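One chain, chain A, links the two complexes that follow: it is found with chain B in the first and with chain C in the second.
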Partner chain A sequence: MEQASTHTSSQSDVLPQVEDDIPLKVKLKRAERMRKYRAMALIAPLFLFILGVFAIPIAIMMWRAIDNPEVVEYLPQTAIELKNWDGQSEPTPELTAVFARDLVLAYKEKTASTVGKRLNYDVSGMRSLISRTARKFNRTQPVQATMDDFVKADKRWAQLRYWKTLKRASGSLTPFYVLNAFDMKINDEGEIASVPESQAIYSNIFWRTMWIAGVVTAASLLIGFPIAYLLANTSSKVSNLLMFCVLLPFWTSLLVRTSAWVVLLQKNGVVNSSLMGLGIIDEPLTMLFARPGVYIAFIHLLLPFVILPLYSVMKSISPAYMRAAESLGAHPAVAFVRVYLPQTLPGIGAGGILAFILAIGYYITPALIGGPQDQMLSYFIANHANSTLNWGLASALGAVLLVTTMILFTIYNRLTGASGVKMG
Partner chain B sequence: MVEVGLDPLVRFKDVQKTYDGEHLVVKKLNLDIQRGEFLTLLGPSGSGKSTCLMMLAGFETPTHGDILLQGQAINNVPPHKRDIGVVFQNYALFPHMSVVENVAFPLTVRKMNKTDAKKQAIRALDMVQLGEFAERRPGQLSGGQQQRVALARALVFEPQLVLMDEPLGALDKKLREQMQIEIKHIHENLGVTMVFVTHDQDEALTMSDRVAVFNDGIIQQIEPPAELYERPANSFVANFIGETNTLCGELGQVNGTECAVTLASGQEIRVQNIINGKTGDRTSVSIRPERVQLSDQKPEDQNVFEATVIETIYHGNHVRVSLDVAGQSDFRAMVRSGNIHADLNPGHKLFVGFSQDDCRALDPITT
Partner chain C sequence: MKLQPYATMGQKVWFYTFLTIAGGGLLFLVLPILVIIPLSFNSSSFLSYPLDGFSFRWYEEVFHSEIWVRAIKNSLIIGSASAFLATVLGTLAAMGLTQANFRGKGAVNALLVSPMIVPIVISALGLYFFFAEIGLNATYTGLILAHTALGAPFVVITVTATLQGFDNSMMRAAASLGANPVTVFFSVVLPLILPGVVSGALFAFATSFDEVVVVLFSAGPEQRTLPRQMFDGIKENITPAIMAAATLLIMFALALLSVLEYLRRRSEKLNSPS
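Then we have the complex of A and B:
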């Protein structure tokens, strides 16, 4: 650059010309390159960490929700032949032949039960039907199995619906789990339809999850707002002590806190015996393994997440605004509603959305404190992932939660725009 | 401008204020504010002037004494019932409302219907030449514009009294001067009583009908600006308002309002006996730098000294000269650029002269 400056003593706007023909932009890029590499190197560890343990697993989970490998992998010829069958008329002889061969093969490799389990998600009874037919064919070894062979092995094959189920499950991708998460399925006519009332559970649980999260968020905001106000407006001595109390729960394990609530809320626990001792109630309240306990424990858990953003916003609101409003003739209550409250909205939004998102995904608290009627989506995700091993459905339910969260966050971002909260 | 004879609009009666129960921030304040006047409370920070304003606005309660508004004690009247407009230091415009909503706020909280309130707010904005910015947010305006909005908001509900707490402090010099004139004109046009707090003495002198100089919780002097500058009552006021030279000495022969003062160097000067002291009292004599004559020839003033030029600084329309006079090296003189009758190069010896009328013997400065 120094060379360049010697060439341009003039005051014109024209960029200085140097002997070499390298454009200035290229030179700038070169000069900045080291800085860019250094910045990238600093980010790299965290980036790789997040990619490895967060982004990729979530992507895999999402994929699981539509992945459908069982029939394609373990009954490969059948899967191809099922594509040629129209799904309405009687199964073709080619289909029955390859299906029998695939079943025998699968029986020998012990994969028939996996296929049976997958088909059983759709129509109950498929598991036993598949394993029974496979066992029989393994014994008889039919060369060109026909419909008759199948009906002989099990009468149920005479019904077209079992063949239709097989065809529905033969793609390598399926909407089955996602539809299931919304209490819907593809019926035998190939249409998307709601499952019978008796089998519909997930939409109910989804709305229950939203309701519980909504109630605890609203309650946390109501309780947290005055505390945040006090924190932001008292002497630093008091506010330091208060802040310590607010942050205290963060230094205790979540499991310990939840277990403590179990002790406190049980029928003969501290809360009930105190209330009875004070003569407020005559017989113990049912709080544990019921909705009230879930609400109480949740609110306790979420309060700091509501208080901190509110505090951060309130701290930045000058007391001069309230004074100005009062000097202009507004009663303190009017000044609060018209001047103070609107300015805390970013904090209410941030705290509320944070609490809500945390609440809809929480697992331990409702699992330990709630009864069967208080379990939220997370419980069913865990159940399908750990107990029933229906990973497809667990992933689909997880995806529902994830998408809900993202939609909420997008709405929040739209509403607050650039005036979002500054943390800390 | 000041209507004499009527009851004062505001009267502070023996008002005291302490925050910690140990130190008085305001010590026994007695002050009358007349209808229609522009009164400035001037003083260094911590002198109690802002506390007085906040007590008047209702945000602080006097520890002792009464504040009367139109003859009624208002100690227990909450701020929103006092009908006093306040302009705050950082304007305190509500950031979530538009400019016109801000200005209409005092009207809408008084239950005026929205259309009328908006009309009146626009009129108030027009008064400060901001009608076209009505729909903007305060954050989109410059400091000076925000200042005007705050002013319009404090005036729109036609309060009998408007208080301003260092409202121009955040503006740059040029804008500040412009706003000073503008506020003064608004005051003249509306006839509203204004109480203005500032620590800037130029501002106080430019705008006010009267200036109350605060120090240490006490009003040191309360006078119209010219009086205050020309006839400071004590050394604090003389030093705080404008610039002054201080010569320390002892009172000599006293002759009514005039007297002689013997300086530390042994020289004697003739001065006005403002402190009303008697022979032998210690005193500080104050002389404004622009009242000092510099000359190569011995002038005919009552008080003449030989002096040595230490430094000369050119200021365009005037020249400031530091001199060694009577053993004091911080003596300053101010000479208009077209009126120089001496060689002002450093080291040059010349005569300084000043008249007896310009020398005021005040309370001694203890150093």
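Then we have the complex of A and C:
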């Protein structure tokens, strides 16, 4: 160390034409830092673009899953008074008075229906209750409305549960939609509880999504494995030709492949008429708008994503291992299971997880090929966003799907990062 | 894959069983796509075999219909604009990612490829709400921006892969000879990584060309694209005209595949020592 420093100083003595006396180490560091900054400057445009046009919009949407603006915004005084009410005894006179006043205002501003819609998600009947009461109060204009006025307007107000619903919805944030996505809710006792069996649909849909994705992933691996093996172990001329059969569907539009299956699987479609022509079946099978069609179309969509990583892994496995095992006396089947199969595990893992991630996110294909009983999470997210306009629930279900995807992708990244499995 | 001359009976059976299974799988992959092509030339409106006769009427219907023609135009406009933006942004980012290591690089990388991973319904819904706030729903700008975000990860991945084999000392050599960074990029780096950039651009174009969910949420009637038009057709009444459009898209996929294959072989030849 000392020697090095004397060396530099002696050098600067000998070479006075060096303009600065900054040690090389510092200069190197500076150059390194410059390189880093330049790299960041190159990445910045896309980074900011994806952040602004993609990540932040999704984050804002996720916020809607806990955002609860209706009561706070359109019944502002009521929201404050609801905090002072204990939620167990009869509503205070202050509460009933401001609630009536807020309702009349909301009726005039035409926001009462928005509030009613929000409360209706929690307890059905709230929409009509709110609009009726608001309309009546707008006519009678009670100065200091009491419980009696409310009961007179609609006798349901005598029941405490409607007031409790109102209190539950009075915060600016709510766990309501997220709990809803897991078929749970906060009941009148203020505890988290499962909703009645008849209303519990979303956990059912979540597991249906996982089940369909699991079935098609497993089937794709089973069908894809021999194909990948054939591609990896044949002459490059043949394998190039066969690879075409894998890559053509891979590059063909999803809509084209979906429309092909709609045509093929129809009642009088190509598959049914060939099977009947061959005498295998007597009457047409129902495949379209039913589960078999969804499975078939999904497997067709996913196969290339399974075959390509498997092929990439198998290509790197030396045939010498199998030969060695067999020459040592292992039965080919044993050699395959104990020697070959373990080496393909990274490919099976990567291809399988990738297929599963894609499968749980598909929307178009189940929407066009499946029946009502085959719709998956994506469909319900789109449905709540487009038809029922329950954006909170759409976002909460979206969060469930997104978190599931992110967990799976982390696992996928670990697998491919460690083993270097490549696509294509 | 060859059967040894000394193979036993069992091995022979197993070998042919295996070939049948693998071959069946390959047919399953490619047949559904090939089967619909003849249906688009059927002279009647039935979508089943045997064909009633040969005709181009469904292609005429597609090319003479204002809706279809506009849909094709829209797809080309949105596809090429978004592919261009994605390629520029993605190539720059890939250069940055391969030039230096810095803290948080993994996280940056994850963000850059996230549009590829996030389920499309979530992306579409998030963009729909966002565009509603800033008035970009039912505009070309909105769709182009959205498709740029969806296509950029493919450019980042393909160009990064190409740059992995790139020798950085060539950039230093050019710079030491007095070229400024822009010249270095256009006359040294770009020609060498061009196959990767072109594949990335094609990937981005294909992504936009195939995308329908964002279009379903955010596009107005003016911006109807080809996949959107097909989606409606399949949903309401599937006619041979849809098959004609599908056949055109299959031809497009074939062209894409050939270009990519050509690029792959070219770079393989360049990289392998001769």
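Keep this in mind: the second predicted complex is superposed on the first by the 379 of 424 C-alpha atoms of A that agree within 3 Å, B and C clash if a C-alpha of one lies under 4 Å from a C-alpha of the other, contacts with A are read in each partner's own complex, and residues count from 1 in each chain.
Methods note: a residue touches a chain if its C-beta (ideal position, glycine included) is under 8 Å from a C-beta of that chain, and two chains touch if they have at least 3 such contacts.
Everything quoted here is computed from the prediction, not taken from an experiment.
When both complexes are superposed on chain A, chain B and chain C fit side by side without a clash. In the superposed model, A:139 makes contact with neither chain B nor chain C. Residue contacts after overlaying the shared chain place A:332 against chain B and chain C alike. In the superposition on chain A, contact of A:61 is made with chain C only, not with chain B.
Of the two partner chains placed around the shared chain by superposition, neither chain B nor chain C is touched by A:30. Between chain B and chain C, C contacts the larger number of chain A residues.
Once the two complexes are laid over each other on the shared chain, residue contacts for A:53 go to chain C alone; chain B is not touched. Using the contact criterion defined above for the overlaid structures, shared-chain residue A:321 touches chain B, although it does not reach chain C. Of the two partner chains placed by the overlay, neither chain B nor chain C lies in contact with A:108. In the superposition on chain A, contact of A:342 is made with chain B only, not with chain C. Of the two partner chains placed by the overlay, neither chain B nor chain C lies in contact with A:83. Remark: least CA distance from chain B to chain C after fitting both complexes onto chain A is 5 Å. The interface of chain A with chain B overlaps its interface with chain C at residues 332.
Contacts from chain A toward chain B in the complex involve residues 318, 320-321, 323-332, 334-335, 338-339, 342-343, 345. Residues of chain A touching chain C in their complex: 32, 35-36, 38-47, 49-51, 53-58, 60-61, 64, 223-224, 226-227, 229-230, 233-234, 242, 244-249, 251-264, 266, 268-270, 273, 300, 303-304, 332, 357, 360-361, 363-364, 368, 378, 381-382, 385-386, 391, 394-395, 398, 401-402, 405-406, 409. Residues 57-59, 78-80, 82-86, 88-90, 92, 94-96, 105-106, 109-110, 153-154, 157 of chain B are the ones touching chain A in the complex. For chain C in complex with chain A, the residues that touch the partner chain are 1, 11, 14, 18-19, 21-23, 25-30, 32-33, 35-36, 39, 47-49, 89-90, 92-93, 95-97, 99-102, 108, 111-112, 114-115, 117-130, 145-146, 148-149, 152, 156, 206, 209-210, 212-213, 217, 227, 230-231, 233-235, 238, 242-243, 246, 249-250, 253-254, 256-257.
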